[in-house]
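Chain nomenclature is as follows: A, B, C and D, assigned in order of appearance, with residue numbering initiated at 1 for each chain independently.
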């Protein structure tokens, strides 16, 4: 799966995207985020406030309990501030 | 006093303005309109529906009970439809 | 505040430029343009003539602009109203509001349009496929205006 | 409907022309333009960089436009959102609505702006006299959006 990061979350983590094999035991977006947090403090700080995380799977916004597969394209970003 | 007419009322009466000496006994706008109605059917039809009469004295909107003097400039017109 | 009562057409893009020129403090600009439509109810409109009361028209537009300024934090505003013969597709009226915030710009523009409809001394006469007639004031327009009071 | 996500500036007057060109059925055109302000809170803004999610941005703007069209009788609409480095006074976003009636044009423009703020994948970063920082989403923006639901 490909994961894309935007804005503050991209800067906190330090990369704009990465490729990953869906880790065993990870079913939902929320579990993926927990898995990523274990990768290091950069991820921990990026995801520190769960209120400030928004996710899209295959270019559609989803909730944190959305079920993902290894073929999905995941995007993780803070609340939007366009307009 | 000068009286100016606009839009439908101007067309009904057939003139756009006239000069008049304040008739004796006429105190309010409403009384002026009654006086004018006696001048002919063109005035009668112009003022037939009192709901559809608006008045300004010296370039300020006033009500029908507004008191006028011989020095006033009166404008009489239907409800506005600008914008 | 720029207010104009004029027979000539206006250019919306140029009017926006005039109002924002040299400024970097504006966060939101709203424009409303009213146009002559080719249909009114069941009738085809060929021409619309706008009569106005010259001695009062500009004064009343200024009054409406001043009222908007006391109610919303506006940084700038423009009101232009045309008179004379107009044709379908032509501009009739332009209102522009500039503010730090979008709500103020939107609401002030709506407010001014609602008041213009009932309080600016202009009258529309339509030339249709069914003859000429003066446009009737709509009762609904008074209600729209009065929601602000 | 015209939707564009672009780095280049837009010209409001030209965009209005594109949308009304050759048409005589439009009664009302509303535009909203969002601009970069030189002040935010206590800080002077030197620059604002807009990051966006290219794969989703245009799609989400189209979705917002389509929603507006199902809710109001719109004859035409335009949404343009810029990205990249911008400076005080620069245009950020333009929404244009055209309708037979003024309420529809006003409300649909407000609706689209409220939804854009929370649902279009754009993020603002400000460079101020006090350093760089990402603009926080406002809780009030969710409330403004949700009044339409």
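Keep in mind that, in the parts below, a contact is a pair of C-beta atoms (placed from the backbone, for glycine too) under 8 Å apart; a residue touches a chain by one contact, two chains touch by 3 or more.
Because the structure is a prediction, the values reported are computed rather than measured.
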>> Measuring between Cα centroids, which chain is at the maximum distance from chain C?
In response: A
> Between chain A and chain B, what's the gap in Å when you average each chain's C-alpha atoms?
Replying inline: 73
> At what distance in angstrom does the C-alpha mean of chain D lie from that of chain A?
Replying inline: 26
> CA centre of chain B versus CA centre of chain D: separation in Å?
Replying inline: 49
>> Residues touching two or more other chains, restricted to chain A: which are they?
In response: none
> Residues of chain D touching 2+ other chains?
Replying inline: 34, 113
> Name the touching chain pairs, please: which are they?
Replying inline: A-D, B-C, C-D
> Which of the residues in chain D come into contact with chain C in the complex?
Replying inline: 11-14, 16, 20, 23-39, 88-89, 100, 102, 105-106, 109-110, 113, 144
>> Per the contact definition, I'd like the list of chain B residues that touch chain C in the complex.
In response: 4, 6-8, 10-11, 52, 56, 59, 61, 75, 77-83
> For the complex, which residues does chain D have touching chain A?
Replying inline: 34, 50-53, 55-56, 59, 81, 92-93, 113, 116-125, 134-137
